[in-house]
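Each of the two complexes below includes chain A, the first together with chain B, the second together with chain C.
Entry: the complex of A and B
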């Protein structure tokens, strides 16, 4: 009887152990939280610092984020200066050596892939430009695939006991992802070459992948909110060079795009931008499915 | 042939130039991040700012009013960098005009560990004390053009000391941080670097978290104490005589409570947000005050000081770039001593007056790096009420600033 008690106790311990030992991941954005969950499964516990409703440029290093980073084994962020206003401060305040730059626990997704629009000259008169290039890389599925490979490698390095597990999750993800890319590319044929107006330059990689053209931004300069005189100029521009649609994300003010849509009679489309940005965008697959569905719906109207 | 020569000379020149540029870049790549802050203002007062006083409080440090008319604010030059994988370092030079002379002051010069393990961090050098909420923020991060009255009255605007800080961050979901500081105790409101240059101590505990996705908060309780040997404050002269400088020697104990609450719809600060902030301070002092250069004999009194003060403010960003804020300040003192006349001359008599001030401000931030602010104060620091207007700019150049909570 006594032995049985011990056995039960040991079993509970065995069951409890994996969740105890789960790798704590601090993701700066929902897309990387989702990718981490996809690759890590039940071996990881993921916290996302932001939601799809928040402008990640403007996050504050609030106490709850410091507390979360304190316990993280791995920080997965975009990097390339996207979180420059808050990530360095969190790293400094969290007092966690494992996730400092240069450590295995510090993973910057955008720095794993080639970035577009790396400026030759940077000056603040150009707006809030990033010297490291456009950081919004997660809307190109090919780059996501490359980042996934690097992230799986990193997970295996940090948690070597489960290296095989991460590799098989990656293989599984890659297989589904490649199939999804093919189907997305077929579906998106109708979008190729279409000119669009965007709120902020966060669609750069999506448009590049789909072969679409960005002809104007609602923001007069990156990071500056749209103003009346700039919108009036865009309205005039639309008379000569008509865009197929106006894109904005869930976190951006809908009034400027709706105003221009109304005046220029062009559909304004709210895209999820990241995981959680719409009901259908509940993971990375859903994100791209819903993004394409919304754009295709807009051109059919 | 000539052409070939020219061409190869040009190539050589280009090669030399590019390798020079590369070498330069390699040298510069390890340079610290550099940022600058430029501030300036136009100030308008109904009363003469030179006669400003805060009855019941000894003023020193940067506690006075900005000069009337056009003036430069507090400029800053900041350099910071990781030193290696264990240490981070930061230097802040404050550049200010005082009565026509440019003064450069070493405002911060500290090193800090980057994760010693177990949530411990050590900071050493000259730094803003972690007492209170606003104290550790630079003037350019303030929501108003001037310091809360309680900071002006107790700390000469900000509490800075040379010393060491140890803090520990708990491994909990709720933010819980405790820390202690030990300082030299030479700068106002300490003085004399007593106990062989270990004259001041501080303790703090901070709690914080989120409520849903739209709200976040922080609560702090802190305590600062010092053994003070000769804290000097602003002096005055009697008809041609030497300037009499009040000087305090004794114990000082400050207890502070601070609460900050922030709200933004969906936690998205870019569109709209509200920040509520409240701080309360209480200072008890027990010792003696003498008027240096008075007499002979030197005028002196025992001194038991009881001073309290608080402020509450709300700042609302109603659309991107635009904010409006209100603030109310209140101070009170009940100081006693053996010689009421000396206390009065030292500015420690409250003259039957409770200082208070009401402020309202509007600011416009064209980008994250620039800000223009208009502020009105109805200032009842002393018996005669003053109407004050500030038109101010605060500009950040260089490395991207941190979004502090």
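Entry: the complex of A and C
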């Protein structure tokens, strides 16, 4: 009996130990998991609920999601209604008081920065329009820098013992990030002003940063799958106003963009969209390196 | 292996939801098998979904109980239509049910081309996810299940086919929102199939087979980090096969 008590005690100790040692972070998307790891280093343990190959608008419920959410000290998600289909349900089911909306443990990245395309009136007939504006903010490196500052602040607030550590990680990140932005901007001169067709409006911030023009979307309305008559219209539009390339992400259906690419003779480019979306995009730096490399390669052809 | 998810407060509500669904679906499933109309549930659920989409496309911004009322009415209307079909063309009833299913599903796509927000309503209705269920949601469903069961067994000696179609529409519409179409189909057909050779009093074996399937599926999905709904469907199938082997050896 005494032995059993010791054994149980040892087990509880082993289970409890790692959660004390590191701040538990639940990230909804790989880009925020990556940023959290960059800023938190070995002081945090990060779990990403989705991968780059998944459509974050909808995910399947797994018990581990609730378990991780229950143990989280900090939830880092995009917000602005991107995860509206599952995050509120998950928060409710996990009933972890630390990470409920309004608490310091609830960090919505897109809500830390200015968003584009906030509709004046949300009309149901417009399609899958987010009342909070376009949520895909992580593809603008300037906004990422701003989010990183807010996230480091939040980390310091929750885990004040390591506040200095997070600040110095942030300073380090900012220095490298600013240098990277300059080199990306130099490289991307050739892309400036180019017209593109996109699958879904998830490239809004990337195109805005690079000064490229979105002239059409493959989806007739956001969230509606491309249909035949819309694609035929696009083909006609391409005859008058030719796009330089057609963009899609790794998780989107490749058939509509390949169809238009074939009919209108425009290169279709699959971009990583987030960390893990291609082999080269293994962190936020790799994500932008690879995105630009793929677009530059497309216009050289 | 992932031991985190193996937690009664995570799996408990889902398991109870499964038991509630089984309570009505095992007896109704036997009737479905007896009549040979196994796709009735898909057709009824799809008609309920179509009703909601149409309400949306007329600009009715319904929420909560209004959606439920529309879905139930549409499902009951659909069930009434299918009962009428059975009376007129009993010999091709299964084929007609299949046609009604594809018509309702593709009718939904047509109605949605104008209004994708109806699509979210449809997804919520047809793709319920068992793991998101909370105890609070189970209360109205247990009331509905109790009423369905009471009517079904109270009238067992003078059951009119219309009673079956009506109760079936109500039971499926309420359960599909909790657990989704795949689990509704599996809960309806698999236990009933496993106990098809037993007499009516041995309904209990069907409940046990179903409960074992839900329990094992939920634990497996926690341990292996698999989506719960799909894991339970497979666990139900295994439990059904084992159950029918054991029952045949009795």
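The rule is short, and it goes like this: the second predicted complex is superposed on the first by the 278 of 301 C-alpha atoms of A that agree within 3 Å, B and C clash if a C-alpha of one lies under 4 Å from a C-alpha of the other, contacts with A are read in each partner's own complex, and residues count from 1 in each chain.
Here is the rule we use: contacts are C-beta pairs under 8 Å (C-beta built on N, C-alpha and C of every residue); 3 or more make two chains touch, one makes a residue touch a chain.
Everything numeric in this text was worked out from a predicted model, so none of it was measured.
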Just from the overlay, do chain B and chain C fit on chain A, or is there a clash? clash
Considering only touches as defined above, state whether A:92 meets chain B (first), chain C (second), both or neither. both
Is A:223 touching the first partner chain B, the second partner chain C, both, or neither of them? both
A:253 in the overlay: touching chain B, chain C, both, or neither? Say first, second, both or neither. first
In this superposed model, does chain C or chain B come into contact with more residues of chain A? B
Counting only touches as set out at the top, which of chain B and chain C does A:62 meet: first, second, both, neither? both
Pick out the stretch of chain B that clashes with chain C after the overlay, from 4-12, 22-30, 112-120 or 148-156. 148-156
Can you list the residues of chain A that touch chain B in one structure and chain C in the other? 58, 60-64, 66-68, 70-71, 85-86, 89, 92-93, 124, 127-128, 221, 223-224
Could you pull out which chain B residues touch chain A in their complex? 82, 85, 88, 112-117, 119-121, 167, 169-176, 206-210, 213, 216-218, 262, 266-271, 320-321, 366-369, 397, 400-405
Sort out for me which residues of chain A touch chain B in the complex. 50-51, 53-55, 57-64, 66-68, 70-71, 81, 84-86, 88-89, 91-98, 100-102, 124, 127-128, 221, 223-225, 251, 253
What residues of chain A sit close enough to touch chain C in their complex? 58, 60-68, 70-71, 85-86, 89-90, 92-93, 124-125, 127-128, 221-224, 227
Chain C contacts chain A in the complex at 2, 4-7, 10-11, 56, 59, 61, 112-117, 119-120, 123, 129-132, 134, 218, 221-222, 225-230
